[in-house]
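Some structures to go through are shown next.
Paired with chain B in one complex and with chain C in the other, chain A is shared by the two complexes that follow.
Showing the complex of A and B:
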């Protein structure tokens, strides 16, 4: 096992250095090609045999008749943009002179970054502190399997460079905080919020207001997505719409609620589009309006939202929100949730009402009479479950107590003729939070010996059965 | 009064996962108009099946819920005082944070 691990490490390492070398060579090739093209036009030396005279004529035509700075390579690369009457040379030049920052290289950031790199923004920044994981791959399409376990910023930057080596890609491999946000944001023209939590959304919006930057904000969860542009041309900021943060129980995460991969993909593409419109100064950005996407119903609705609120604490008329206040603002406290969400770890029970997954495993192996109740939702139970566990989702626990009583009785009868033997009652869930809530209510309802398995199925997979699937 | 009520962004989970409700809301005896304040009470009584605190706070919606009357933010039509008309479409949508 260990030498396999070392082999894999060595291979990954070599892949890394080869990829880095390839990226260097690619960018050198494109630079030389551009140089050659330019030199050819200037000197009339045409390697492929066409007439030098014609070439010189073209050269003089070009130098006389264009008033933009697009190089021949740029004209070729972006020709389909240049051919659009409503986009053309002017918008492409604007784009090439602009800079866009994407915060988050996840489900939204993946397609947004790829399109922004491809379309030729001048400078493209990426902020992320996370690493690529296997359960990201279904939606975070910028990353490839070879990058699992490595920083998302590195992976995303490599992908962007391989799409367009002429764009300046800036890696910000750090978590966005009030201590670094002002400095990072101030270097960009347009900010794209592709994060996944409430405190980041407030922090990013406030920072954009303080610095006067337009913000393209997208979100996706389950089978729905939302998109709007904040702080653009007198339009509202995030706080104008949501002055008070929602209760933490209303902030679902993809890791808990699930998300269909293509849904953030669609919203991320639309974020790229809005950023391109703002950066190139074309069209009407989605400010003062919000796009709501319902994937199941196949419906997109665009609604009119309120304008800038004069009462807004950050962008309103009476607001005095300064850079200094921004630096000192506690977004985690304000929203009651962490900036880098990690799974909740409750501790509701006394130690003697809990049992580790290992100890539970030993008791099962010893043939102890017991009933295991799994309180996860039914669709979780269908993914994977422990043998002989009884699925009673937490919300229906109270109504289904008789099932637990009869299961206990049955187990006692099955295990021994001895009447003094009582079957144990254990409760499990995914991570060990709902199981504690369940045990609390079981205690109240007379099942005083009920115990929960600490850390749930995740600890079972970690400490007992490494082959047990995690999700 | 015939209305179409829609729930999204997870709020549909509070009404048995049904997103679109075509409903008939009777005016209180004597009342001539229905406003959003009346409608919220009606929704809470008739459609919300669990965790009402995830829908309302005080006599309005909880923070993080956008209310749209005919695809327009209710802030622009008078919030709780917005008067509803026959066949109006009211959308309640929870803001999403995921990505």
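Showing the complex of A and C:
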């Protein structure tokens, strides 16, 4: 104990003397800087100033000698842009005078926002109404764990400000709707679509057409990405390409189909690049062409797409689509899917063909003879499953009925030992939709007492076992 | 001028000799890839076939493709095409449904 006390005293003493030495060095640095400052003022020499003290002092000198408005701090911050012959002072100045709106602070928006903030867009808007969740973190790299449960807009804005405090960051913490889109979009030069659903994509494209704004559109799912610039330089709009919305079955979401985190990251970076090109007026934006990214094959294809369609209902020659029509257009009805995708909740079965996860748990605890069929895809089953459940993915249900019959028989023999007890048949899935579909077909195929577990494994985790993993 | 004459001569002849066919490569993207389980596939169609004919053949082979039939971009040799375009030997026909995710 005694020696510990002596050590602490020695360390404190050493810290004191180091601090004193540091203060001495700091004051000598200040004195030298002041001396240099006077010398440069007298000689007219402009050092490549890294010190803010010098920079502020020579502001007036610079503004006298150059015909751009870049401050010394900007020159230093964006020096690598300024050194690019094909970018330079002009493009950087254009960028600093521009405004970009990113709709969606998710997988695409994360890298797009970070690069747009870093590169010196003058004003950067963020639209999102979601909160940060743990299962976002693998791809939505702008958010940190400290922001879990808090609005994505707040988190993204904080990250952008910490990268570049000189950019004006505007937070639009609201869902984009036809009621607010015109007002928000009209304040920006370039729109970046980083959303995750079909109705938003049509709404954003139509709004850009109505207001005459270029739209940088990116999308990613699974191991593939798509990128193009709409409504720019006579190019097509989203509706020119896809006049009819995809059926709801074809609209997959990352929450259902999965996505490799870096894939939206790559597309989001390319979106930032295209937005920078448009805002700074350099290069050839990806208009009239679509980039297709295939992560597994490590292949990028660029396909020429059609030009503006004269028949297009929104941007075509005969179109009379106005701001008023935009405000009244029902995008959810048009695409038959919700603007804020929430998990589908089907209700296909009668109440007596269903059972809650709690009631199922009680029956298991009471030793009821039963078979539990899990109809999720095999790769879901591998993530987590309930004990003794039998995995028969929904598409193969019909072909594998004999397995269910023999499992029921086995269970009856095991539990009943001769009596004519009949085992119950339960069906479960992730959220309780596919299990209902499965029970419907089981009823048709003679298993009339089959029941599904309401809310699937998610309700099991919520109501029975809080330690059961959700995904 | 020569090109025009040639086209007319071709038009005057019966389209595609009997039994003659062209071999193309079909590229599937996004949902089309999920529905077929393939990223690409060789395909033989009778010469003079249009992209529309190719799509019909594909839907016959993979009925689930019907789902996205009304919402896709077609590209022939990496260029936008309409369903009426005639495919030629060694052509690449890309079937590109939109992705919505992000």
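Keep in mind that, in the parts below, the second predicted complex is superposed on the first by the 405 of 471 C-alpha atoms of A that agree within 3 Å, B and C clash if a C-alpha of one lies under 4 Å from a C-alpha of the other, contacts with A are read in each partner's own complex, and residues count from 1 in each chain.
Here is the rule we go by: a contact is a pair of C-beta atoms (placed from the backbone, for glycine too) under 8 Å apart; a residue touches a chain by one contact, two chains touch by 3 or more.
This one's a predicted model, so the numbers in the text were calculated from it and none came from an experiment.
Asks: Report clash or fit for the pair chain B and chain C bound to chain A in the combined superposed model.
Replies: When both complexes are placed onto chain A, chain B and chain C end up clashing with one another.
Asks: Which partner does A:16 reach: the first (chain B), the second (chain C), both, or neither?
Replies: A:16: touches no partner chain.
Asks: Answer with first, second, both or neither: which of chain B and chain C does A:463 touch in the superposed model?
Replies: The answer is neither, since A:463 touches no partner chain.
Asks: What residues on chain A does chain C touch that chain B touches too?
Replies: In chain A, residues 104, 106-109, 194-198, 201, 218-222, 224-226, 241-242, 244-247, 249-254, 257, 259, 264, 290, 292, 294, 297, 301-306 are touched by chain B and also by chain C.
Asks: Within the complex, which stretch of chain A touches chain B?
Replies: Residues 104, 106-109, 194-198, 201, 218-222, 224-226, 241-247, 249-254, 257, 259, 264, 290, 292, 294, 297, 301-306, 395.
Asks: Over in the complex, which chain B residues touch chain A? Could you list them?
Replies: 8-10, 19, 50, 53-54, 62-66, 68, 71-73, 75-76, 91, 93-99
Asks: Mind listing the chain A positions that touch chain C in their complex?
Replies: Contacts found on chain A: 104, 106-109, 194-198, 201, 218-222, 224-226, 241-242, 244-247, 249-254, 257, 259, 264, 267, 290, 292, 294, 297, 301-306.
Asks: Hey, which residues of chain C end up touching chain A in the complex?
Replies: 29-31, 33-34, 39, 67-68, 70-71, 73, 75, 78-80, 94, 96-102
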